[in-house]
Each structure stands twice: as C-alpha cells, then as structure tokens.
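Here the chain labels run A, B, C and D in written order, and each chain numbers its own residues starting at 1.
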C-alpha cells in the first residue's frame, strides 16, 4: 500500500562506469534520495549493466573505485536493482559476472535477500511505464 | 497512462534511439530533439526501425532543431510530426511522465 | 501544471541547456509553472558568472539569470557536483579556503535533496543532458 | 594548516579534515578530537571504528541514520540513538565523527 505523497522514482542507468562521471554521480543522487522515503528502483540497461560487474580495480587509473558502494544500498533501504537480461547477453555477460548485492528484509526476520533482479526487456519496459519520476543517467 | 520519450542523440552515434524504440509501450510518444532529429529523416540506416515502430507509437521531431540542421520537412519519414517548443510542452503535459534517453 | 527541470550538461559544449531554456520559456508562456531548475553534472557550469561568450552568440548564464528574475525560478546548482568543478559562492569559497567565488546572480548552491524534492513536488520532471 | 602527532606533521584543510586519508592513525584521532573539545571514550571509539570499517568496505561514509541503526544493533538503543550521538559529537556525527575518523569531508548535501 502506497502512503500518500510517496512517488515511484526510477533511476535509469545506461552508461558504463569510469569513462564518464554519470554512473558515480547517479549513485550519489540515489544515496541522498534514499532519505526522502520514496519508492525507489534502479534500472540497469545498455552499458549501465557494466556498473555492476565484479572485480573492478581502479588502482592503475587512479580514479576512485565506487563499485563497493552499490553493496551499501541495502542499508539505505534501496533494494530494487533491476538489470536487463538482453543488455547483459548483448555484452557477453551473465548474472554470475555481477557482484553480489544483498539487503536485510525487515519483514522477514532480517533475512538476507538479493537486491539484483534480472528481468527481460519487456519487463523493463513495464517497469519504466509504472513510474512517477524517471531520472536518467 | 503513457510516456513521452525524448531522444537527443544522433542514431548514428549512439544506441539511444534504438534502445528507446525497444522499450516504448503502445500509445507512447517519441520526440526527437537536438542531434536526435537526424533519426527522423527518410532513407537512412535507421528509417526502417523508426517506420516499423511508427504504427504503435507516435513520432515527433522538434522543428527548431530540424531547421538548425538544414533538414527540410520534405525529407522526413512519413508520419513524423513537427512540433515547436510549445508543442514540446504540450506533449509533456499530455503524457503522464517524461523519460529522457540521455 | 508544475514542471521540474534538470540540466545535466555544460553550456556551449552541449545543446542541453539551450533546449531546457527554450522549453522553460515555452512552458511559462503556456501558463505553466516552473518553480525550480536543478543543475547537475557539468550543468553546474551554467552557473558561473565568469564566462565571456562572443557577442554574436547567446549568453546562456545571463539568459537564465534574466528568466529566473522575471518569473521567480529557483536556479539550484548541486553542491557536490559544483565542488568538483569549481563553482563556488561566497560561503563555499570561505568554507573551502578558496580565494574567489564565481556563482552568477540568481543561482544558488544547494544539496541534491533539492532535486528529489523537486521530483516530489512537481507534476513532470524533464531532464536535459548528454 | 596541520596537526602535530608523534613528531609528524599531518596536513588538514580549513575545517580540520586531513588532506591525505592515509595519514590517519589512532594517535592522530586523539589529537583531532582534542582540538574538537572531545575526550575519546569507548563509545566515541566505537563510532569512529564503525565509520572507518564502513568506509573501508563501501567507500562512503554512512548517512547518520545508517550509522545510528548500526550502532543500535551493535551497542543497544541506549547508545544507538540520535540524542546520544549528538551528546558524543555535539557538531553532529556526520561532520565531527568523520573528521576524527579521517574520512572525506561530507559535501554538505541534503
């Protein structure tokens, strides 16, 4: 049941990390936005799926590695990370190539549950269509 | 319930237009702005993709951006409607949400 | 109807801030409200008063300042994005120990919460970027 | 601008945040705390250590509510509550505790 005044916010991530700042600054919006108690979902499609891959190591480029920050999202009650299956496949990736991101379910005795949900392109279209506010990065 | 999608990149430079086309729902509208207007021309490599979707979603193109780039209305794909900034605002009002394919 | 506007690319390099400006003008002319424009990513660079564009081209910052003054639009520059890119007001310059500030008239520096709040309080959020 | 700790000089900015995060040590934390007018107790250390661990794992300083929730879980509701956190760090756990813990300066968002 939606409380009155709660809007559905979708953060659409379509760009790869590091080449540009969009992915990092999108994550900064998500972390701040989490304080506003809205219904938040994150979508990862196209090159955005590269943001969630394992084993990122930025030591050699001297840029901050922000991929561990995705694992903190559960603490911020952001636990709906939708990843498009077709976008993964087109890039030669599977769900196993993504890092594990979990949250503790308050309503289920704090059981750890996966935050990443792999969905089809058609389901992604449905998700986008079910939002009040869409922020694109 | 429907969405106004905006695409501002040339389809020959990025996947944004094709990705948008792959995620729209029947009854949505796609507005091509800035370099996105190059996707509205007939006889290009993406014309078929646009024309193929034009039955279920309505395509619009921002007139001032089209004129800036010297594309005459006669070169547009059939069914693509030209709007001005007021028309852009009208489309944003008519649909329930806007999604920018940046 | 209330529109919230996000400008997420820098001026002159990208057309985004021009499109946003033309959209906002048209929206106001049509009787709609634009309570706030939020500048993010390189969009924060619209808010420096130190640009000197050639006289035969538009002055993006001045256009926004005038439009905001005329219609009471709150032009908000994201503080986190601004710090990275060297956009400072007097307070921030003092706080960060910098010897100058550059924020333009009509713009103010504030947090990302202003973006979320705008999303909550307006009917449509429009993003203009790269 | 710098702190002196064990004969070493550690640079900091206008507001006392250290310039190089790798300069941090427990002794430095005590020096920063002293300048902030804070005497480090076990409870202060619990917060500082939690912040450092959190940063190490996630590369961000946690939001205050995330910090409080975690301290509550770890040390009970007597300590893990908003009022008590501000008693420990009068200028706020985000600003002051992060400074003592040697974390990046909060941008001032929200």
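Methods note: contacts are C-beta pairs under 8 Å (C-beta built on N, C-alpha and C of every residue); 3 or more make two chains touch, one makes a residue touch a chain.
Everything numeric in this text was worked out from a predicted model, so none of it was measured.
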Q. Taking each chain's centre as the mean of its CA atoms, which one is farthest from the centre of subunit C?
A. D
Q. Counting in whole Å, what is the centre-to-centre distance of subunit B and subunit D, each centre being its mean C-alpha position?
A. 51
Q) Roughly how far is subunit A from subunit B, going centre to centre by Cα mean, in whole Å? A) 27
**Q.** CA centroid of subunit C to CA centroid of subunit D, Å
**A.** 34
Q. So which stretches of subunit A touch two or more other chains?
A. 28, 32, 35, 133-134, 136
Q. Using the touch rule from the top of the page, what residues of subunit B touch 2 or more other chains?
A. 97-98, 100, 102
Q.
Which positions in subunit D are in touch with at least two other chains?
A. 109-110
Q) When you draw the chains as points and link the ones that touch, which shape shows up: line, ring, star, complete, or other? A) other
Q: Go through the chains and record each pair that touches.
A: A-B, A-C, A-D, B-C, C-D
Q) For subunit B, which residues are in contact with subunit C within the complex? A) 8, 33-35, 62, 64-65, 84-86, 88-90, 92-93, 97-98, 100, 102
Q. Tell me, which parts of subunit A touch subunit C in their complex?
A. 5, 7, 9, 21-22, 25, 28-29, 32-33, 35-36, 38, 133-136
Q. So in the complex, which bits of subunit A are touching subunit B?
A. 12, 14, 45-46, 121, 124-126, 128-129, 131-134, 136-137
**Q.** In the complex with subunit A, residue positions of subunit B that touch it
**A.** 1, 3, 15-16, 19, 22-25, 97-102
Q: In the complex, go through subunit A and note every residue touching subunit D.
A: 28, 31-32, 34-35, 64-66, 68-69, 71-72, 75-76
